[in-house]
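A, B, C, D, E, F, G, H, I and J are the chain letters, set down in written order, and residue numbers restart from 1 in every chain.
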Amino acid sequence: MHNNSTYDELQTHIRELKTPQIETWENKYSDKDYIVEITNLEFTAVCPKTGLPDYATICIKYIPDQDCVELKSLKEYFVFFRDVGIFHEHVVNKVLEDFVAACQPREVEIVGDFNIRGGMKTVVTANYRKE
Amino acid sequence: MHNNSTYDELQTHIRELKTPQIETWENKYSDKDYIVEITNLEFTAVCPKTGLPDYATICIKYIPDQDCVELKSLKEYFVFFRDVGIFHEHVVNKVLEDFVAACQPREVEIVGDFNIRGGMKTVVTANYRKE
Amino acid sequence: MHNNSTYDELQTHIRELKTPQIETWENKYSDKDYIVEITNLEFTAVCPKTGLPDYATICIKYIPDQDCVELKSLKEYFVFFRDVGIFHEHVVNKVLEDFVAACQPREVEIVGDFNIRGGMKTVVTANYRKE
Amino acid sequence: MHNNSTYDELQTHIRELKTPQIETWENKYSDKDYIVEITNLEFTAVCPKTGLPDYATICIKYIPDQDCVELKSLKEYFVFFRDVGIFHEHVVNKVLEDFVAACQPREVEIVGDFNIRGGMKTVVTANYRKE
Amino acid sequence: MHNNSTYDELQTHIRELKTPQIETWENKYSDKDYIVEITNLEFTAVCPKTGLPDYATICIKYIPDQDCVELKSLKEYFVFFRDVGIFHEHVVNKVLEDFVAACQPREVEIVGDFNIRGGMKTVVTANYRKE
Amino acid sequence: MHNNSTYDELQTHIRELKTPQIETWENKYSDKDYIVEITNLEFTAVCPKTGLPDYATICIKYIPDQDCVELKSLKEYFVFFRDVGIFHEHVVNKVLEDFVAACQPREVEIVGDFNIRGGMKTVVTANYRKE
Amino acid sequence: MHNNSTYDELQTHIRELKTPQIETWENKYSDKDYIVEITNLEFTAVCPKTGLPDYATICIKYIPDQDCVELKSLKEYFVFFRDVGIFHEHVVNKVLEDFVAACQPREVEIVGDFNIRGGMKTVVTANYRKE
Amino acid sequence: MHNNSTYDELQTHIRELKTPQIETWENKYSDKDYIVEITNLEFTAVCPKTGLPDYATICIKYIPDQDCVELKSLKEYFVFFRDVGIFHEHVVNKVLEDFVAACQPREVEIVGDFNIRGGMKTVVTANYRKE
Amino acid sequence: MHNNSTYDELQTHIRELKTPQIETWENKYSDKDYIVEITNLEFTAVCPKTGLPDYATICIKYIPDQDCVELKSLKEYFVFFRDVGIFHEHVVNKVLEDFVAACQPREVEIVGDFNIRGGMKTVVTANYRKE
Amino acid sequence: MHNNSTYDELQTHIRELKTPQIETWENKYSDKDYIVEITNLEFTAVCPKTGLPDYATICIKYIPDQDCVELKSLKEYFVFFRDVGIFHEHVVNKVLEDFVAACQPREVEIVGDFNIRGGMKTVVTANYRKE
């Protein structure tokens, strides 16, 4: 069902993985700091070790600057990972870099809460703050 | 059921949208800082993209200055949004500006917690502090 | 069932409302700061607008100084409000002033968490710290 | 905001109220009895007494015969009630009659669970079984 | 705060205690059996032994015949007990008899779930079925 | 802290153990079957094996006949077990026999739900029905 | 991202859809009726209308006859649906037929509990009993 | 860490596996039917496929006849499985046969609720009734 | 069942009450600050006012220095209070002083969470930090 | 089933206990601080006092530096404790030292939450921060 060497290759070059563009709309209240928290309860990717599906809840909490993220396009961005073999730690860091590139937020924190595997559960948290 | 271009027009000029007045009564304990938290569990507006209803819980947490907000009038203020096509982010920022205008609180935080759409959930938080 | 003008009168002079005395006993550990949290799960008063009963949970969290509050007398103090028409915001501030007068605590915080009315919920929080 | 006599008129003739058609698709497993349970977590109508919005969760549990109900059309059917002044008891009985007319199920049970009003909560349950 | 002998007298003649009338409206779907469940989350009466307030949740589940109970009048009926000294067991049986007299339901079950007293909790359930 | 042989002796003659009388009052609604459920959330006895305290929640659900059990006397009855070394299974059967003797109910079920010991939890259920 | 006509074609011929084989092992206790309940918390398929992913929990409760289902092979069977466009009602009926074919159970019930879409939730239940 | 062929051998001859004796004491209330429910929240065995530990909650609900099971000896019986490679289905059936042999209950039901593995959860239920 | 004057005497001299010794063992990781939290879910004492039992959960959170508290001896220490008439506030302060004397921790916080009495709940928190 | 003197010996020399190596992989995002939280819901060891099994949930929250911990190898590391007699306090400190040695994290906190024994519950928390 999968090819381990391909997946391993992917982990090594994970930061170069090309993902879909996340669209934005103009923030009408950019004169103020406010927080938007978007939680995708239905994230799935593939475990690079076993080729079996992984599941997670991914929460993005950000302070928009000039742009707000468009929800439908963000959802489609997440669907891209459905067939991607990727480590839990990489998912969260990758989404962080793509999200920052898309909307240049003042601050953002991303939490990926992955389902239990073999009696063990993993939660990964990464964040970014504009200088 | 709805007209997209009208709704888009509304989002562009959202800060000018005219809303009902929120009434107040005189704060008898204005010599002290204390916190009032009012939660509307039954907020509904219309999604400007699809014309279908959106639902949210909206919590207002404020320190009153000279005036406390009158509950019944606040409820009627919220009912106004029942037929308004408006983004989640705009709802919270709009309510914040109207609330500040109505009772001039020392501090206020507004949290809008919107129902799941397509497996995704949005929470928006904005606040204000009197200088 | 009630008389609106009487209730309105009461709100205006709420700080002068005479309430029963809360009794105390001598704090044997007054050489230390420790916290006592007493929660009345069964507070009820009357809504001054409608004359119908209101219900709340009221939590008192304090650091005693020379005196601890006697529980039974505190309970009877709360029962006094059963027939009093009074706003949510006034309940919490009134209880705070009476409590401070009774036992002169080093610090106290009072939270009144009122039941849902018309899909809306109110929580009021006030506190005091001895200079 | 509303006109009581119009609403009263409506309650008297509630069984004649014209509602949108619910669409269906052909049941491919009609040789078997199986259960479909659809829950609308976001029902809202108007209280005929006060003109203020009412909220409910409405659950439809049915055994399809030749036709299954189409979800999107069912959702639009529910949206119709957004501006209708109607009693809790009438909502459930009306939905039952419309649902039976639309898909002729072998059996159906409808439960409407309405939000708290004045410290009181109402749940209405009605059902139908094909002879 | 209370007079024990008066309360004891009341328990002996509890079935004769005169209570307010519960109003009804005409059931438009009386050709069908359906269930209405009304829960009062805010019942309070007085303990005949101690004179202190008692609290309960009271749930009425009935199949209406020709008449449905009017909610506001039912609420006012419950408020009557606010100053009545009465045993838990009597509350439920008394409400049952009054409810049956008011709307002549096909069936009704009443459950009174009383708050903890001295580490003990009481729930009383009574029902009626029309012959 | 305890003497095993004494406790063993007690288990053998457990049905003869003399316990305090539970008081009753006259059931004013004995013409009807209704259910009273009394839950003692704070039962404690002693483990006959280790001499250490055991804790349980004990629920009595009964249909009274001519007599209802008086709550305060029932509580004192339970306090009696505070110093008694007794097996979980015996607690429930003993309470059942004493309860039946005290108020001669039409039916009664007693459930004792004991706290976890060594990762294991015990619940004992016994009942009686008048012939 | 998807082709509606292909998906529609699939719904019409859903009962002929070829799925992977579910493996079994010999039931060593086939002289007794006992129940095995296997719940897949991570089912996903594709919505035939939108081409977007659907998510569900699928519970299989069966009484094995000569064969028990092998868990790992069942999991791989479920993974097959990851790229299949299929209605909620069809998922449950299809799994039922495949499961019965694989292990010929004495009885089986299958419940598919699908995630909220547009404020609405669907649960489908089908069952089979050997003659 | 383990040897698959040994474990496979064990599954084939699982009904002959020799386990420790469960001790009992004399039931003093054997003239009545009552229920004892003992839940072991800390069961662990080894997965025969992977050699890794499995975890479960095992609940035994029985009506004793002449003998009650002694808790400490039952706990030690469960500890025996700590190093045994055994299928979920076999655990429950094996415990059932051992339990019946030990105390000859009038009735017994055993439920084994095993922890999630690969997003899937298993619950096995078996029972016995004396003829 | 008790003698009020004796209990009152005890409250006055509560700091002199002699309690059992809590044993300790040598902390092998005393070169590091780490936290141990021990919660007794089954504390009971006697109310000095009524002579009836009180129940609480008592949580001790400490940073050990040279000694860790031995669990079994701590449990026996708590059992001592089973027959002691003592106020909620005194229980927590007394345990704090005894605990500090026994193991000389770097820091310790003790929380006593007492069961509801007359609709009111008490939580007492005290702490100590080594100079 | 166990030998107390051997276990006591082990506690004295617990810091020298040799445990399996935890494997790691190269952190591709080591230019950033991010948090990984891994929770083992199925930890078990042996109580050195009684020789009976202990159970715990162990949560590791760390900021990786050059290396991330490999999940499968971590799981096998935990399985090693299955037959080790060890105090709760030692488990957490031992895992902390082994974890730090394996992956040299920037920061790490370890929480061991052990199951109730004799009505008492223990949680141990230790942490490390790279200088």
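Convention: a contact is a pair of C-beta atoms (placed from the backbone, for glycine too) under 8 Å apart; a residue touches a chain by one contact, two chains touch by 3 or more.
Just so it is clear, the structure is predicted and the values come from calculations on it, not from any experiment.
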Taking all residue numbers at the chain A/chain H interface, are over half used by both copies (same) or under half (different)? same
Pick from A-H, H-J or B-G: which interface has over half of its contact pairs in common with C-E? H-J
Distance from the CA centroid of chain C to that of chain J, rounded to the nearest Å? 48
How far is the middle of chain B from the middle of chain C, if each middle is the mean of its Cα atoms, in Å? 30
CA centre of chain A versus CA centre of chain D: separation in Å? 39
Could you check chain D for residues that touch two or more other chains and list them? 41-42, 52-53, 55, 75, 115-119
So, with touch as defined above, which chain pairs make the list? A-B, A-G, A-H, A-J, B-C, B-D, B-G, C-D, C-E, C-I, D-E, D-G, E-F, E-I, F-H, F-I, F-J, G-H, H-J, I-J
Can you name the residues of chain J that touch chain A in the complex? 27-29, 32, 34-42, 64, 68, 71-72, 74-75
Once bound in the complex, which stretches of chain H touch chain J? 1, 41-42, 44, 52-53, 55, 75, 79, 82, 115
Mind listing the chain B positions that touch chain A in their complex? 11-12, 14-15, 49, 87-90, 92-93, 116-127
As the complex stands, chain G meets chain B at residues 52-53, 55, 115-119
